[in-house]
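Letters A, B, C, D and E mark the chains as written, and numbering starts fresh at 1 in each.
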Amino acid sequence: MEHQPGRRQYVKFTFFKLMPEWRRLAERERDRQLAEFREAVEGWSERALVRCYSTIGTRGDVDFMIWQVSYDLADVQQMVGALMGTALAGWLTTPYSYLSMTKSSQYVEKYSGPGRDRFTRLSLAPGEHKYLFVYPLTKVREWYGLSKDERQEAMNQHIAIGHTYPSVKLNTTYSFGLDDQEFVLAFETDEPGDFLDLVQELRPSMSSAYTETDVPIFTCVAATAAGMLEALAGKRQAVPA
Amino acid sequence: MEHQPGRRQYVKFTFFKLMPEWRRLAERERDRQLAEFREAVEGWSERALVRCYSTIGTRGDVDFMIWQVSYDLADVQQMVGALMGTALAGWLTTPYSYLSMTKSSQYVEKYSGPGRDRFTRLSLAPGEHKYLFVYPLTKVREWYGLSKDERQEAMNQHIAIGHTYPSVKLNTTYSFGLDDQEFVLAFETDEPGDFLDLVQELRPSMSSAYTETDVPIFTCVAATAAGMLEALAGKRQAVPA
Amino acid sequence: MEHQPGRRQYVKFTFFKLMPEWRRLAERERDRQLAEFREAVEGWSERALVRCYSTIGTRGDVDFMIWQVSYDLADVQQMVGALMGTALAGWLTTPYSYLSMTKSSQYVEKYSGPGRDRFTRLSLAPGEHKYLFVYPLTKVREWYGLSKDERQEAMNQHIAIGHTYPSVKLNTTYSFGLDDQEFVLAFETDEPGDFLDLVQELRPSMSSAYTETDVPIFTCVAATAAGMLEALAGKRQAVPA
Amino acid sequence: MEHQPGRRQYVKFTFFKLMPEWRRLAERERDRQLAEFREAVEGWSERALVRCYSTIGTRGDVDFMIWQVSYDLADVQQMVGALMGTALAGWLTTPYSYLSMTKSSQYVEKYSGPGRDRFTRLSLAPGEHKYLFVYPLTKVREWYGLSKDERQEAMNQHIAIGHTYPSVKLNTTYSFGLDDQEFVLAFETDEPGDFLDLVQELRPSMSSAYTETDVPIFTCVAATAAGMLEALAGKRQAVPA
Amino acid sequence: MEHQPGRRQYVKFTFFKLMPEWRRLAERERDRQLAEFREAVEGWSERALVRCYSTIGTRGDVDFMIWQVSYDLADVQQMVGALMGTALAGWLTTPYSYLSMTKSSQYVEKYSGPGRDRFTRLSLAPGEHKYLFVYPLTKVREWYGLSKDERQEAMNQHIAIGHTYPSVKLNTTYSFGLDDQEFVLAFETDEPGDFLDLVQELRPSMSSAYTETDVPIFTCVAATAAGMLEALAGKRQAVPA
């Protein structure tokens, strides 16, 4: 996907769950379906920004997640449609789905502390970190009743605490009017414990006090399309030596 | 559908979801079912105001939406019944359904700012914009405890902000006593990013502070009946060049 | 059902939904099942107060509703049991169910305004109006902390507004301790728009401010047992000329 | 079950729902399954305190309920396990389940009004009343912030109102830490209208104002194991003369 | 699993439910599936900290629970994946799933009362107690607005009450940012009545007043892998003499 400066992107997080009945199919049939699905994902990966994650073992209600970023909403629709056209889709549900867009942050622009350059909001660049933590966020309406200065102060505090955990990278996207939540946040890191400590440390912050909802929270483990799908079939589950 | 001045209309938004099991059927059978369903929709489109939208890729819990407007509730019932009489209905669920009516707005009538003529409430005229954003709205009861002047002032502010986004057209319908929500709002636009910015800008408004619930929010992409159904079967999903 | 003055009645609203799989059956089998179900309903209609309503097209989560009134709870149980004994029950679910009783209203007895005689609470007499609006109602506990005079005043206001819509008839029933809600309200009218306006007009009333929950709201269309069931099978859906 | 003074009992309310698919089975097969299930219940009834109730027609989400009381939690587990080992369990779900224990009430011990001896909390003795009303109860945390005297006063008021309905017998059980609710209450009576009036009369009481949740409420009709199961199959539904 | 001082552990509670359809399978097939599943569990038990619990009869929405503790999140993923690779997984759902980590407690470190040494937070050592009570915990945000001293005081009170029930052992784990809850608490004891009394006694405590949610609560009965699975099949349900 070619970078287009100044243009906003569509961002989609789609969480999939296999119906238990799929596991009753013959192994050969399951392998065939997974191979077809993998090809569909990989075909799109060549043309668009697509990232794969496994949630096997981290949640009970979803099995894997595909993260798409595109300048065109039709791309998002067409890729999900293509996946729904595979045989595997006969046993797939999508329990969670989050649509959002990128946007220049009013808070980051006015923030003058350290690490400012780590935030590039109009154009997402998902990295190669091992773990991704995703959750939808909605603030209480009282938050929007604060003055701009009060909100800026709260966000400065929030951003400053975030900077004390340089191993954690934040991607903020906006869903106002497009989906049920106001924001979708995606944190990348190699150290889940660091992210846990960061979230706990942010709890007393002013910004956190104005949170209406920030669940569900998804711990996602980065994988190739093949790895994500092998985990579904219990193939990668060799007990470690 | 002939325009009948001064008469209120029934408005229905029905969201459909295909069961995954449908995707296990032979392609020929699926094609046959989609063709039958399309004919049922198109037959009604000739006689009533019917609009088709795809939600593939924008949400995980619905696949497509049909918007009906009629002077007679029996029309709404009969069309939904006709759709339920197709073979496809054996694999269709309707996770969301919103029934409402048109009504002259007390607020718009008293509003004297710019753009007043863009609001025609008794008779809806869904346009040909590419995107539709639908959500049910219920105000907190405290809203109704405000004086009429206070509410008018809040709505003036709301309407004025809306007018700064002329690319967004609003259709307000009323559900008091007919369905779970108080209003169903439907925004038409060609620019999702504009609508996102508008909704975010409205957050600090007084009217927004008195919102009890405004979810789920559906991003719907306008389509012909054929296009809406082809998207279901993964046929339209040719990867763009 | 013989009228028994001074005796309280049991009231039951049962909402039914057909599983999509039913629509995959052969038409002959579906017709057979509907005929058997209709006979079961009609058999009871001769002996008890039973009313049939279609919700096809007005809601997505239910298809039809049966309203029973009896002096004996065993009647309610036996009729539902009889319906569950039909073949159709193999594809029927009951997503909503409301059990209540009649009771003399303390508020109506003390109300001295116009229209008092329209309220007969101990014995229900469902009319022949075309539309029925049903919803469960629970007040916030603070309502019960008001003095009796305050509550009487609130109800006088409520009743007076109701009387300005003479086309709407109210049936109030009581569920305290018998079911999840405190009341089940059933409004009969031939004009849905009137009922919508009435409910909207009641929003600023004191009584409305003390409402904990009044959803879901069901728009029900009166039908014979045969009409209610034909609507399920898509037979009545001839497009109007 | 032998009475063991001074020892606390485990109490279990299990609510069962048959899947609609069960009703598609041949009548002979259904009869066989019901007979096997009845034997499993009756076998336990000889050894432990087991009571059967039908909820056909009183709720839409459950069909019957089994009430177990035992000094040993293993008894509860083993009986439920035995029921799950029957053929009928292939079509049974358990939408609601409440686990609790008996406990001496601090409030009743200190209450000196009339009717005190009707409360025996450590050992339950379900009677032979026709109706049972069951619901889980959780108080708001503010309740526990009141002084002991304030709570005792509130409970005295509550108990005194209860005594004006001598036809209603209350069984209070405790679930703190064992299940989602704090208490499970089970009221026995032959007159549902009395219980309805009692609950409504308690609404203005101080104790009621501190209720966090007291739903769902189940109206249960006492039956033998055979009667409870016959009601499922639509056999007992002969229309009364 | 070798003890690694100073290193945090991943903790996973996975709750499983068998679909009713599984119980329609031939006994021989069910036995084969259970044996395969047991081997998968036992294979991991040799290499990692794995504990098995039955919830048959204590809840209606889950049948059994597996508790995993590991220094590596990949272990958790791989074991769940391995279980999903068994034949039994074709009929298994996972209605509840809690992921957390160990962490040194700021409160326990500063607590100087009795029993301090019973708390070892970085490394869990599930005991051999008969019952385990598990629940997810989230505090209200106001809790985090208290000063550190206020929170320490609240926790001192909480811990002190806990110590009066020496038969109850507490395992506290942390989920901030990893899963929907803030904490997952797991209490071990041989006396459910003691735990019930402890929870009730903690209700008036300051810490309890700041609880946002602490449900669902799971009563889990310790078992071997074989015993946990036999309970599913109704084999262990011999009526006690």
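Quick notes on this structure:
The criterion applied here is as follows: a contact is a pair of C-beta atoms (placed from the backbone, for glycine too) under 8 Å apart; a residue touches a chain by one contact, two chains touch by 3 or more.
Please read these numbers as outputs of a predicted model, since none were measured by experiment.
The set of chains in contact with chain C as well as chain E comprises D.
Between chain B and chain D, the least number of touch steps comes to 2.
In summary, the pair chain D and chain E forms a contact in which the copies contribute largely different residue numbers, shared numbers making up under half of all those used. Note on chain A versus chain C: their Cα superposition corresponds to a rotation of 145 degrees, in steps of 5. Computed centre separation for the pair chain A/chain E is 28 angstrom, with centres defined by C-alpha atoms. Separation between the centroids of chain B and chain E, computed from CA atoms only, is 45 Å. None of the residues of chain B touches two or more other chains. Beginning with chain C and continuing to chain D, the ring of touching chains reads C, D, E, A, B. Against chain D, in their complex, chain E makes its touches with residues 20-24, 54, 56-61, 133, 187, 192-193, 195-200, 203-204, 208-209, 211, 215-217, 219, 221, 231-240. If you check the complex, the residues on chain A that touch chain B are 8, 10, 12, 14-15, 19, 43-44, 47, 72-87, 89-97, 99, 101, 103, 141-142, 144-145, 174-180, 182.
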